[in-house]
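Listed next: structures, encoded as structure tokens.
Each of the two complexes below includes chain A, the first together with chain B, the second together with chain C.
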Partner chain A sequence: MFEAIAFYLFAALTIVMFTITVMTSQALYAITAMAAGMIFISAFFFILGADFLGAIQIIVYTGAVMALYAFGMMFFDTTRDVVEKRTNPQIVFVLGILAAVMVVAIFVAPIVSNNIQALYPIQEGVGNSQAVGMVLFTKYLVPFELAAVMLLVAMIGGIILAGKKMDKSLTLMAEEEITTMDDSFEPQAGGH
Partner chain B sequence: MDVAFIIETIIKIVVILLVFSALAGLGTYFERKVLAFMQRRLGPMHVGPFGLLQVAADGIKLFTKEDIIPQNVVKPIFKIAPVITAATAFMASAAIPFWPQFTVFGYTVHPIVADINVGILYVLGVMAIGLYGPLLGGMASANKWSLISAARSAAIFISYEVISGLSLLAPLMMVGSLSLIDINNYQAGGIGNWIVWSQPVAFILFWIAAFAETGRTPFHLVANDHEIIDGFGTEYSGMRWGLFFIGEYANMFFISFVIAIIFLGGFGDGTIAGAIQLLLKVAFFFFFFLWTRAAWPDVRPDQLMWLCWKVLMPIAVINIVITGIVMMF
Partner chain C sequence: MEITLTHYLVLSTILFAIGLIGVMRRKNLLMLFFATEILLNATNIAFAAISYYIGDLSGQMFAFFIIAIAASEVAIGLGLLIVWYKRTGKIDLDQMNSMRG
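Entry: the complex of A and B
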């Protein structure tokens, strides 16, 4: 009974949070509601007994991904409402409905056709994180390694993109040096 | 799931909340006294014996002070931000074993709210969410100091989570479990079995990261008085400001428990002597937080990032590689 209560409670909370994320025009509401929604999703993992995935959901989505969004939001005034540019609301409406129907169809199809099989039953006497590790390093080894390579590529790309002028520290430079550096690096700006 | 279990859990939660809220208040008293003695002052001494009731006086002041919500802030976010800091600190404590199990009137009590088998991941993950308190508080405040503080808190938390995670990986490889109770039992053989002897580098790295994650002095950039006033707390007053403090001090206690359990043997074999040892270890780590505040200046933000990404992270990765090689052969 407690599981059913918990499921419906967290399902309602998750839907409310993500509705706020989509509907609001205030950026801070959106990010707070989305972070909260991510935490409520982890509740489903805990209800299902998948503690490891629940903790990872909290760490990865709320702790890292959302914090990076928040970091990006530092660059505009979050206390003002965002003015959205709606050029053609009908197309947005139709495309939104179509996308929603498609997602539901994708997830419902295997359930309706009874085509889901549990190929990897839970082994007795093995903890949660060990079970995830076994599947990850046997059946899903190739996708796992591919994801690792992609992350490495993304990391190197990030370092290269952000790495310009990294050997210079603005805090250690004198005022004149900074202004001359600006001139030499931004010739088109002009008019200092 | 029977009713007795639920009642027991609720009682545990209430006890932990009460004890650590009180300890967070007392923590401010200890901090003032320790700082005062290190700076050859007396500290609080007028309210009650040895100034002990200063905590109560501060509490009454914070509770009765007007709760000011400035004009241009984003009101709901501004109001909820301090609650996030305090709530996540206490939520993180759910997976920490505070004391070995004991028997009262023939009923065995486990002093841990939820013994999930990924305890340490859960504790670190929920502590990391504590970042949203300063972040949202700073961004909703419509104040430039608060915004700078929010940016700093996001940068510091994200960077030092990497250090705490990577440094913990090596001891966890040795133990082979993420449960704090398993980690404790791994070291139950006495002082020679403590992980700190086999993983001294990881111990130091995690300790340093603990300072960053609780926002204590060498890394106290999120609310650095002489640069950005009180940072994210600038616009707050009364109990909302007090909640930030409760969260910070509760976090200091909980991270002290985590360090003591992972690296210094925790409560050992589970006897009363071991339990008292655990409390002494926690007290030492808490005292060390205060000691550092008296002895060290703050570092600059760029030095902090330099330390994290160019010094600590490579050391942590090398530590993991060496641990792996040693374990393989």
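Entry: the complex of A and C
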């Protein structure tokens, strides 16, 4: 009973928050509603017994990702209202069909899943964080290391992209401009 | 009243549809990134629910890697967005037509 109440409460809250994120024309409302929605989603993880995943959700999403987006909002001019796009009806139609097919697949999936065997069953008497560590560092060790390398690449890419001199495009410039760029380049103030 | 796997999958579908609506109607690129985060979170809920109801930890592992991918996407995407903003002063999708697509 408690689980049902918690599920429906957090489901309603999450849907409302993400609808605000998608529908509002104020960027500040959008980012605030999304941060709240992320925290409400971590509640589902706690209900489902995935304690470690819930903690990671709060730390990574509402800590790191939201801080990055807040930085982006300070960098860009988001005080004006966001202009909405006039969507092409055909694209909406095709994507609507696609979403409907996906719903059908989701309702059919539990029937098929009776054949699925648990490869890494959740052990008794072991906390969630401990069980996650045991699976993550044995079976999923290679993807884990690859994810670490990917995050390192993303960090270096972010630093280089946001660094200076990157506002000039080598593909859009003439040959002479490129050759003289190194000599005549002067540091500029970032942004407009 | 018991909460089953289908409840969670329906919730995940609803959130995914909200994210798709956002991707379709947003013109500002920063708002478009918000919609993609909603899409990734919807799949995370589905993975965690399946992991719980089947009794297998692999679903949680996939959710972890999705979170890592989302973090990388934000870092690279915001870097590219900053480069574009420095060059043009705008982050609207409709004005990104330098390739005449």
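In this section, the second predicted complex is superposed on the first by the 126 of 192 C-alpha atoms of A that agree within 3 Å, B and C clash if a C-alpha of one lies under 4 Å from a C-alpha of the other, contacts with A are read in each partner's own complex, and residues count from 1 in each chain.
As a convention for this text, contacts are C-beta pairs under 8 Å (C-beta built on N, C-alpha and C of every residue); 3 or more make two chains touch, one makes a residue touch a chain.
Not measured: the values here are computed from a predicted model.
Once chain A of one complex is fitted onto chain A of the other, the partner contacts of A:Leu68 extend to both chain B and chain C. Counting the residues of chain A touched by each of chain B and chain C gives the higher count for C.
Applying the stated contact rule after C-alpha superposition, one finds that A:Ala11 touches chain C and leaves chain B untouched.
Once chain A of one complex is fitted onto chain A of the other, the partner contacts of A:Leu95 are limited to chain C, with no touch recorded for chain B.
When the shared chain is aligned, chain C comes close enough to touch A:Phe44, but chain B does not.
Of the two partner chains, chain B and chain C are each touched by A:Ile56. Note: residues 31, 52, 56, 64, 68, 71, 73, 78, 169 of chain A belong to the chain B contact set and to the chain C contact set alike, using the contact criterion stated above. Listing the residues of chain A that touch chain C in their complex gives 1, 3-4, 7, 11, 14-15, 18-19, 21-22, 27, 30-31, 34, 37-38, 41, 44-45, 48-50, 52-53, 56-57, 60-61, 64-65, 68-69, 71-73, 75-76, 78, 82-85, 87, 91-92, 95, 99, 102-103, 106-107, 109-110, 113, 116, 118-122, 131-132, 135-136, 139-140, 143, 147, 150-151, 153-155, 157-162, 166-169, 172, 190-192. Only residues 1, 6, 72-74, 76-77, 80, 116-118, 121-122, 124-126, 128-129, 131-132, 135-136, 139-140, 142, 147, 150-151, 154-155, 157-158, 161, 177-178, 300, 302 of chain B touch chain A when the two sit together in their complex.
Listing the residues of chain A that touch chain B in their complex gives 2, 26, 28-29, 31-32, 35, 39, 46, 51-52, 54-56, 58-59, 62-64, 67-68, 70-71, 73-74, 78-79, 127-129, 169, 171. Chain C meets chain A in the complex at residues 1-3, 5-22, 24-28, 30-31, 33-35, 37-38, 41, 44-45, 48-52, 54-58, 60-61, 63-65, 67-76, 78-83, 85-87, 89, 91-94, 98.
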